[in-house]
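What follows is subunit A paired twice: with subunit B in the first complex and subunit C in the second.
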Partner chain A sequence: MTAKKVRVGFFDFTGCEGCQLAKVSMENELPQILEHIEIVNFREAMSEKSWDMDVAFIEGSITTPACVERINRIRQAAPILVTLGACSTIGGINAIRVGRDLDEIRQEVYGDKRYLFPSLPVMPVSAVVKVDASIYGCPPNPKDVARFLTQFLAGKIPQAPKYPVCIECKLQGNACLLVQGIPCMGVVTRAGCGAWCPSKGQFCYGCRGLIPDANLDALRISFEECGLSQQEIDNKLHLFSGRELEKLS
Partner chain B sequence: MKRRGLLSQKAPLFIRHLMNKGQVYGPVKNKTQMPEFAQVDEPSRVVLDYTTTVLPPKRLFQPPEETIYHFSRKDFTVEPAKVSGDGLKILVGLHNYDAEGIACLDYQMARGPADEGWAARRRNWVFVGVSYEPDQHHFSPSVGIGPDHRNGLDLFMDKADGGYNVELLTERGASLLDGFGGWSAPLPETPAPKFHNRLLPMPSDLPHILARSYEHPIWQQEAKRCFSCGSCTMVCPTCYCFDVFDELQLDMESGEKKRHWDSCQVAPFTEVAGGEIFRKETSSRVRHRIYRKFKYITDHYGRPFCIGCGRCIRACPAKISISEVMNNLARKAAG
Partner chain C sequence: MSKTVSINVEHITRVEGHGNIVVRVRDDKLETCHFEVVEAPRFFEAMLKGRSWYEAAIITSRICGICSIGHQMTSLKATETALKIPVSEQTVLFRKLLVDGSILSSHLLHVLFLAAPDVLGVPSAFALMDSNPHAVELALKTKRLANDLCDAVGGRMIHPITCVPGGFTDLPTPEVLRDLKTRYEKEMLPMLFEVADILESVAENFPDFTRETEFISLGDASEYPFYDGRIASTDGETYPVDEYLSVTNETIVDHSTAKHTHNKRASYMVGALARLNNNFDKLTDTAKQVAARFGLAAVNHNPFMNNVAQLVECVHCAQTVIGRIDDLLQRGIEPEKPPREWKGKPGRGVGSTEVPRGILFHDYTYDATGRIVKANCVIPTNQNFANVDLDMQAFVPEMLQRGMDDNAMQFNLEMLVRAYDPCISCSVHMVKVD
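Showing the complex of A and B:
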């Protein structure tokens, strides 16, 4: 197609950079994707007025005052802002520190130099600026990213499923792990990955975050029946969804 | 009725014989060693002695995910997906309740605008049933599908001492046996299987019990445990809901209109533009499924729209049981 390429900026915040397209096992698709998008780079020193882009993809969560300032600048410059991956979308694994004392954590990580590194409670991008669409997952699933990109390039704002991983798990015909006493988070986790983990016999870690109205009371009962302690259940829930749990409480 | 003995060790030969007559499908071991309805490439992979499958045989006639048509955004063309309906297909190893499940959907899919994909895939099948040992969840006899039920089957392999007694139920079934020489005399019969689960009410009472239970507190009680995960309907042989979506290729020119199974148990199922959700409360969704099985469709089908396979009970991570719910309602109605 000869249509003008969509100008895309990628911006990294606090994350493992595992979400970068090339790393989400999309090397083969990249040449095709690059027919439709142009990846643009901006020097942070430039004023946001000269950041000429159609859409900004944000990876990583918001963890410092500098992050807040930077995400605000990006939002001003980007007509559409998309979060890519669990960290920017739901806080991600960084949010594991939610509920712990920040000074203590800084001491643990930076030692004596802790006062050189101001820190904030871990936030998803949506806690600071308006987010137009999100690609979930840690890491995002290549098929889901392709679905997102094609819908987006066709002019839609793609929506992620609001139903749980179990639907996709059953489409694959898998026998349920949770029924067998294996603590699978799929029952409360947003679908879209094609039940990636349970289809390989591994329980779902919940990397795509909670579905709206997740029945967490029932989950606690089920996980207790799997033999998990309250602490282990909390750990499982906080692995990815610490921020979402805070919103619920 | 004509019967012929088939020793266990001859069963693979018999399946091999059927493979010379048409395409054979049946419960074959999947990658996790579980039986799953699929095409048979090797007779030894067919599991004739199985409790049940996760997904019902419905998956052969309405795949979990399928393409409806291919489209091109470049030249604005639409090409319906091809469904191969020709040639004889033989489904071996079908439990008698699953044959009834297929009959339920034959009825429902033909109502209103008929489902073309279903109709095309349902042509030219011969069904070979097999008896089974129920587990703690099967309750088929309570919905009129006892061990002697043979509706919809052309041949039946009744487990017997040392093998099977093969019953010839239809002309079509009998004609498949031409040329097979592996028979024995009929084998000694084994005792009829015992069922461990059942419905207390008679099948004809089920809709009446539900008619007076719409506001019953049981729906709220069950909803406390329910995850709204949808597994119960995804595995149900008589469920048929689906969602339609587009899938574009990265060339941004070609794509497919697809559908995949969907479930009335998940909250977004009834969400419409504007964000309104018709069955917002979990309790209303739990109730809806059970009314679909024993009242709404039953009112015009004349029989329960549940075949007592127990799949929804086995698949439920919250241990919600449709038979237990109906029995509790029956007890309360009686007491």
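Showing the complex of A and C:
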């Protein structure tokens, strides 16, 4: 029996397109992956286009009325919809804007011509349509993407870990940054990256979003002990998780 | 017989970001001809407000996946200048090494995956797998090598981890660097020469079109300037980077969410061709020889040659990688301890580096607590849009005169836009012929 290739579309919304690049950059794995999937829609890399697909991968946040229309059309066409990366999954860096007056921001960047550019509050894809599975991270970790695809092609809907980066960091045998007085978000951030940043001496800045039931009060105390002001702590929490915090409050 | 043309390319493919080409010719008269940028606005300048000195590079990296290293470098330079944070010679060497890798990675992606399908007559690099599998193999292998270098120095290629104000949180070991050097000598350079062979064999497919314009890049430096220098123009002047506003003159136009720029002329071009036109004598001899195979020398006014200039820069960068690694190994690598705290005076700093698509400026003003009160970023792709529009407005009548049909014109216009390697996410702008 010849296995039928899974027909895949990639669609980009508001974001940096780094997630798609991360995928094109999987040079070693790409030929192998392409044995199992057929890419039928991927504007950044190809001119051919098709709407007949088994799964749609979505990158970027929903930020304009046109985005809403387009994501609904994709949802109708795709039996399975997967968000790829922080922007589509949790709102991502764009969600820094959450809690700020949109008109004021547009005024700052575009001045009197701000009305030429309609914008909506930043939304993850799940705020508009049903999402079947998510790949977290800014950028997603190639190993995590490979794990996702392996499980997915075996017929499963892969789930993301519900434990924090901290656990993966301990497993790597890293010295704890927080203990050294460096305000690291690993204690409340969803795992799956293999403690990518702390393993390189940089604090985790929370690009994979918060774990369920994150103890933010304890985190605040720890960050105060590191010498951060309340504003700095708020800023850190809102770097990637503005939308999630909004839901909690 | 008078001619009426309507070209409308919505969301042009094989470019980074969303843009449309609109061209309308009625009764031989060019009524509309421009590149519309329809990318959703990103508001990064506003997002930086209130953010701390250690966060600016993390945030601005996310302006663009392809250019994330360039944004980080420029951001770090702006912050370090504003807050007077010292940087060691070793840090600068590693940053230059990382920048070489990012130029290679981005150029190879553009030349081989995004632009080459046009000259090789296929719709995408995926189709190339059937028609020219060796070209795809070269593309994947050279890109892998470029990414490996970025991974080693920056922790990862997209949104690097280790680059922070004042230095690196982690550095590659001498063994890793030695291995990279060997692979650049034995694999990267020979493969780049093969890429040059392939492109040379189809060189006649790059359209013959020239329009005199101004080229702006960094220049006036001791080496081919990706990391340091003054602002240089092919019209002969140089300017200090902190006077960039007098060169870029950003304006908002109705057909684009990205701002346009102009210096003394109505438009100027930035990017590989601009760098090469301003700094040809600083290229390595081997890179100059590759340029000569395509008849490329300063000052060249054919925007399609930007693709070739990118290839020439790849050869140059592959060689400087080897030289910089030698230098680092000879000096011995010291662990770095970038500052975790900052206590100093408020201030303003302008950082500028050459990213793959051209000259980039970040301009931050910090308060006494090390938080940003004002930020401005001028992106290469924006600086090219006015020039793209003017090129199209000169190119369409030429193509009409050559008797091209709408399809051929559309193909050439898409190719023109692609030649600029626009990065619309960065600029938040693209073409429509209608």
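Assume the second predicted complex is superposed on the first by the 233 of 249 C-alpha atoms of A that agree within 3 Å, B and C clash if a C-alpha of one lies under 4 Å from a C-alpha of the other, contacts with A are read in each partner's own complex, and residues count from 1 in each chain.
As a convention for this text, a contact is a pair of C-beta atoms (placed from the backbone, for glycine too) under 8 Å apart; a residue touches a chain by one contact, two chains touch by 3 or more.
Quick caveat, the model's predicted, so the values are computed rather than measured.
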Inset, instruction - Could you classify subunit B and subunit C on subunit A, in the superposed arrangement, as clash or fit? - result: fit
Legend entry - First (subunit B), second (subunit C), both or neither touched by A:Gly201: both
Inset, instruction - Check whether A:Asn215 is in contact with subunit B, with subunit C, with both or with neither, and answer first, second, both or neither. - result: first
Inset, instruction - Based on the superposed arrangement, let me know which partner A:Ala154 touches: subunit B (first), subunit C (second), both, or neither? - result: first
Legend entry - Included angle at subunit A between vectors to subunit C and subunit B, based on C-alpha centres and rounded to the nearest 10 degrees: 110
Inset, instruction - Report for A:Ala146: first if it touches subunit B alone, second if subunit C alone, otherwise both or neither. - result: first
Inset, instruction - Please name the chain, subunit B or subunit C, that touches the greater number of residues in subunit A. - result: C
Inset, instruction - Please work out whether A:Gln231 is in contact with subunit B alone, subunit C alone, both, or neither, and reply first, second, both or neither. - result: second
Legend entry - Three-chain overlay, closest Cα atoms of subunit B and subunit C, distance in Å: 10
Inset, instruction - Using the superposition on A, tell me which residues of subunit A are in contact with subunit B and, in the other complex, with subunit C. - result: 201
Legend entry - Residues of subunit C that touch subunit A when the two form their complex: 11, 13-18, 39-43, 45-47, 49-52, 55, 58-59, 62-66, 68, 109, 113-114, 117, 123-127, 129, 140-141, 143-144, 147, 155-159, 161-162, 164, 169-170, 252, 254, 257, 340-341, 369, 371, 425
Legend entry - Touch list for subunit A against partner subunit B, complex: 1, 29, 32-33, 35-36, 146-147, 149-151, 153-154, 161-164, 166-167, 169-176, 178-179, 184, 186-188, 201, 211-213, 215, 217-219, 221-222
Inset, instruction - Sort out for me which residues of subunit B touch subunit A in the complex. - result: 30, 32, 34, 36, 54-55, 59, 64-65, 74, 224-231, 234-235, 247-253, 255, 260-263, 266-269, 271, 282, 314-318
Inset, instruction - Can you check the complex and tell me which residues of subunit A touch subunit C? - result: 12-22, 24-25, 27-28, 30-31, 34, 39, 43-49, 63-64, 66-67, 92-94, 96-97, 100, 104-106, 108-111, 113, 116-117, 119, 138-139, 181-182, 196-197, 200-202, 205, 227, 229, 231-232, 235, 239
